[in-house]
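Okay, got some structures for you below.
One chain, subunit A, links the two complexes that follow: it is found with subunit B in the first and with subunit C in the second.
And now, the complex of A and B:
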């Protein structure tokens, strides 16, 4: 089975984000970038299939600036078989990114495409379903497990109080909510092999896909208001303190 | 002591044949063990030759590591058996020389010689009795009581009894030269005529033969017994690690290697294999292991013995075919890695071992295999490593917040004050953990009071790599270390202060492996010095009793026991207490070392809770428990909270006690 994961490189969750001088974007100098967490789950899910059946081939691809190559190396270090990048330095309409990915997928011919359910930077959750639409493939959202069967795949979703299990004929696309295990830590031989692997690149313009489409425009960005100091109630006996707390929650916090 | 000559000499040929047989069996088996050792990977152990010779005198001949609390009585009994073995062996050589070829060693006929051997024979016999009684009636729970032990004790007892009997009977029968005062115990036989008349000659004859045959049987039996340690301790002490105990071995040229760590017998170094031959199965390592004591699956003695047993089981096949398939070292790597992950690298086992076995290095080598080859560290440990990679600290706090604690204090960074004398390497804990930020502020107050010129690195500092290295991720440790060393070089740093023993240990003892050599001080060493130089004026803050908890990476790993205590003793009003008997060399781990800080502790009792129990059981009356390590502080705080004694005894860092009493 061939599984392909389109991934996105995003600012690492440990980065303290700050607004750039233009007031419309974040500062990116010197920050740590990593694979978007849900994409990492998608990779782990694919690699778990590969653990069960070593003939599985897992590929990763990204559309983004040249720095995204590091995210692909990380995926290779985790155990993915190959990676490729479509270089796009300028912001591109999301639907055009979906078209570019569709083009890559037409060439690579995977049986299953797994996308993270959303990227952790803009949380749009657009690419997965849009890509399925462009490809004309069946799509199941926010899965937690994929079990290949003959010519099809069972896709598990967590729902209130249990699971839904869908069956999709292949090829199919699913967006991933979580893998069974936490994304794996790369082995050192994996890291070394990943360093030496070729990552073929193509400029976005060379794909010949329609680059038009609606774009969101950020008008302004500001940090969330600083949290005020907390209030500690400590004078008085427990009954009195409880009264004070209830009053404060009702009158000041207005949550009761 | 003399042996039969003339009349007995025809027996010489038989004795010669038996001697060749006995020692032949010994050397044949010993040679095979030696070839098995050569299966291990190479490791250089010839640095510091004079220290090695000193250790032979102190540890091998002087039995220093046996004579330790709480093992004084048993240690002394062992020392007598050992010293007796050395002295009596000279007599044995004389007996064999005389029995086979009819000549004596020079001085062998003297009264001093006879008396010495006689006295040691009695001491050994007494010690054997103690050892037997202990084994039968008071075997410590961790002691590996097996038939082998009884065989050895029995053989030694036979040797001593036959020695005394043939000496006494020989004197009575006139077979031995007279002219000196008969040795005390042998003299008894002479005087009381235990074997009257003719019988004494017969008793002498058979006791003499029984003695020598036992000697030869002993030699033949030795290589397959744990008693082989009388031989292997000699090289094991000689080749012990002379680099600082706290330094793990470097994986050189890591980017170009293909396998890492220990997954099969061939991956252990010859010295690690020699450890197995040397283990006496005494169980002192296990006795002192905090993981084992709190119900974890780890047993340090078992690790050493499992490696040995596997070597003995697979050695022959591997000698025939060096590429023969081997099982992973015993079973931990594959099926029971939790034994390996339970280790806090506290070095209680290493400290306790009388024959200088190095347990931690083996455990970390196997962790290296798990982490680097299999990517199989526990998930929480993986998270800590990912955090170090991405944000420079295992907590995963944003990288650019690292220097925030110091901003309101106006502490300069090296970028701001490149002429500073000392680098204060703050470490992750004091940088991002709020409780430990207070310790960093205390140190800043002290350094300022003493006019010490210092600066920090702020956001240019990154985790020293210690947790990664001890989790087995040598690669990440090297990346972190190289990054810090490059920053130190950029500012020409020569002197480093660390308030964290883990930073201190890895910068002082491990960075030199990558070319970074600095004068490194733990903050409490510096404070001790500043107090000595009268650069700090300290006032009293009322009377209180403070118990001192030894951090493993200050104490056992770096033998810094006295300076933190001297600092406490220099504070007026503070009466220092010890968490006896678990203090100094026998200090009990807080549970956070070896990367355990970042792993969950789901099995058994929590190590830090046991530590609080020990503190309470010591009934010191202490209202504070002071340490010199941010991780100890976190663990002790969690411990007093969980035990509900936070009002009774409050964990602090010694630095906070000093800073609270500053008057300048």
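And now, the complex of A and C:
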């Protein structure tokens, strides 16, 4: 089975985010970049398949600036077989990114495409479903397990109080909520193997896909207001405390 | 090459692989080791599965070539990893240091092709743990005064004697053991042997109870008519002392990296505490007395790290690193002990309690001034090197 994961490089979750002087973006100088966490789950899910069946081929691809190569290199070091990059330095409409990925997928012909359910930078969750739409493939969202069967795949989703199991004909696309195990660390031998692999690149413009599409524009960005001090209710009997709590939630916090 | 070397000039940039190795080690140390550090110290043992995980990640054979089952990286990568693991837990860190620098390294440097093929793959993957048996009850710094004897008998050797203070002594599967073959010859009579734990006549004596690095085992090793095949002689007879000194040169680089890791733990924990603890109506980080301690710690840690990286880079370049290793170890261990003292001071009364990490750092730091050559021996080595011109 051939599994392909489109991934996105995002600021690492440990980065203390601050707003850039333009007031519309975050400062990116000197920050650590990583594979978006849900994409890491998708990689881990694919690699777990590969652990069970070594004939599985796991590919990763990204559309982004040249620095995104580091994220691909990390995916290779985790154990992915091959990687490629579509270089796009300018912001591209998300639907055009989906078209570019579709083009890569038409060439690579994977059986299953696993996307992280959303990227941790803008949290739009757009690319997965849009890509399935462009490809005309079946799509199951926010899965936690993928079990290949003959010509199809069983896709598990967590739902209230249990789980749903869907079967999709291959090729299919799923977005990943979580893998069974935590994503593995890139091992040192993995890092050395990754070093020896070529990462072919193509400029976005060379793909010949339609680059039009709606774009969101960020008008301004500001840090959330500093959190005020908490309030501890401790005087009085439980009934009185509950009254106080309900009043505070309604009148002060305005959540009731 | 990451740092100053004759060919590349002055360059402190890590390579992509070195950065990736550092990141893997940092993530692993933060997520898997740090949460267990207090328990490892308290219980006096490291979960074997944690060491196995370090083996699977390739840490236990960082710079062993791939053809011997290692990761094929370099000594600079190794010190980056050692710093990260020790930042989380000095007990776990020293298991790695002793295994790689003191057991794997001498086999890699001095072993025959057959010995390397036979021992390195299992050691480099952490499947087997190694240890280094040089010190004795009556000889530490004065290693040439050792009493453990090796007697030639038939097609092998017979070892008798006791080794002391052996890190990984009880968990180790393979030991590099030094013994005297000809006492009047003093250091020229010493030979090194690769001895497997399973060999009859080789047993583990008492386990030491220690001030710090309590999760790491320190054992006495006993050799009673222990027969070792001739094929397990490491190097030539008479080369043992040279092998021991050369191994310790490398070992000092890894203890320097350990000290940097412990000192960094002190700094990071101090910073976090000073930014939230209040006294006299403000954060204690706002007091100059605290700021000066933090500034000294940060500066000294950077200096110690650079000395350590330089020593590792020289080792990678195959250049003489005796002086660089001794300077790094002397300075970094001093920095760690001072950082630990200040860390406890910044934590105040809480620094004296086992509920906070400062107390553990204080106990863990001290050993770095003692093992693999005391600070006094480091000064002798440095003086000898700078006076010999």
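Criterion: the second predicted complex is superposed on the first by the 228 of 256 C-alpha atoms of A that agree within 3 Å, B and C clash if a C-alpha of one lies under 4 Å from a C-alpha of the other, contacts with A are read in each partner's own complex, and residues count from 1 in each chain.
We adopt the following convention: a contact is a pair of C-beta atoms (placed from the backbone, for glycine too) under 8 Å apart; a residue touches a chain by one contact, two chains touch by 3 or more.
Predicted model only: the values in this text are computed from it and were never measured.
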Practice prompt. Sticking to the clash and touch definitions up top, decide whether subunit B and subunit C on subunit A clash or fit.
Written response: clash
Worksheet entry | First, second, both or neither for A:189, with subunit B first and subunit C second | both
Discussion item. Just checking: does A:73 make contact with subunit B only, subunit C only, both, or neither of them? Give me first, second, both or neither.
Written reply: second
Practice prompt. For A:15, decide between first (touching subunit B), second (touching subunit C), both and neither.
Written response: first
Worksheet item: More subunit A residues touched by subunit B or by subunit C?
Response: B
Worksheet item: Where on subunit A do the contacts with subunit B and the contacts with subunit C coincide?
Response: 185-192
Fill in: In the complex with subunit A, residue positions of subunit C that touch it
16-17, 20-21, 23-24, 27-28, 56-59, 62, 66, 71-73, 77
Worksheet item: Hey, which residues of subunit A end up touching subunit C in the complex?
Response: 70, 73-74, 77, 185-192, 194-195
Discussion item. If we count contacts the way the header does, which residues on subunit B are in touch with subunit A in the complex?
Written reply: 254-255, 258-260, 371-375, 377, 379, 382-383, 385-387, 390-391, 396-401, 475
Worksheet entry | Contact footprint of subunit B on subunit A as seen in their complex | 12-16, 30, 32, 34, 181-182, 184-192
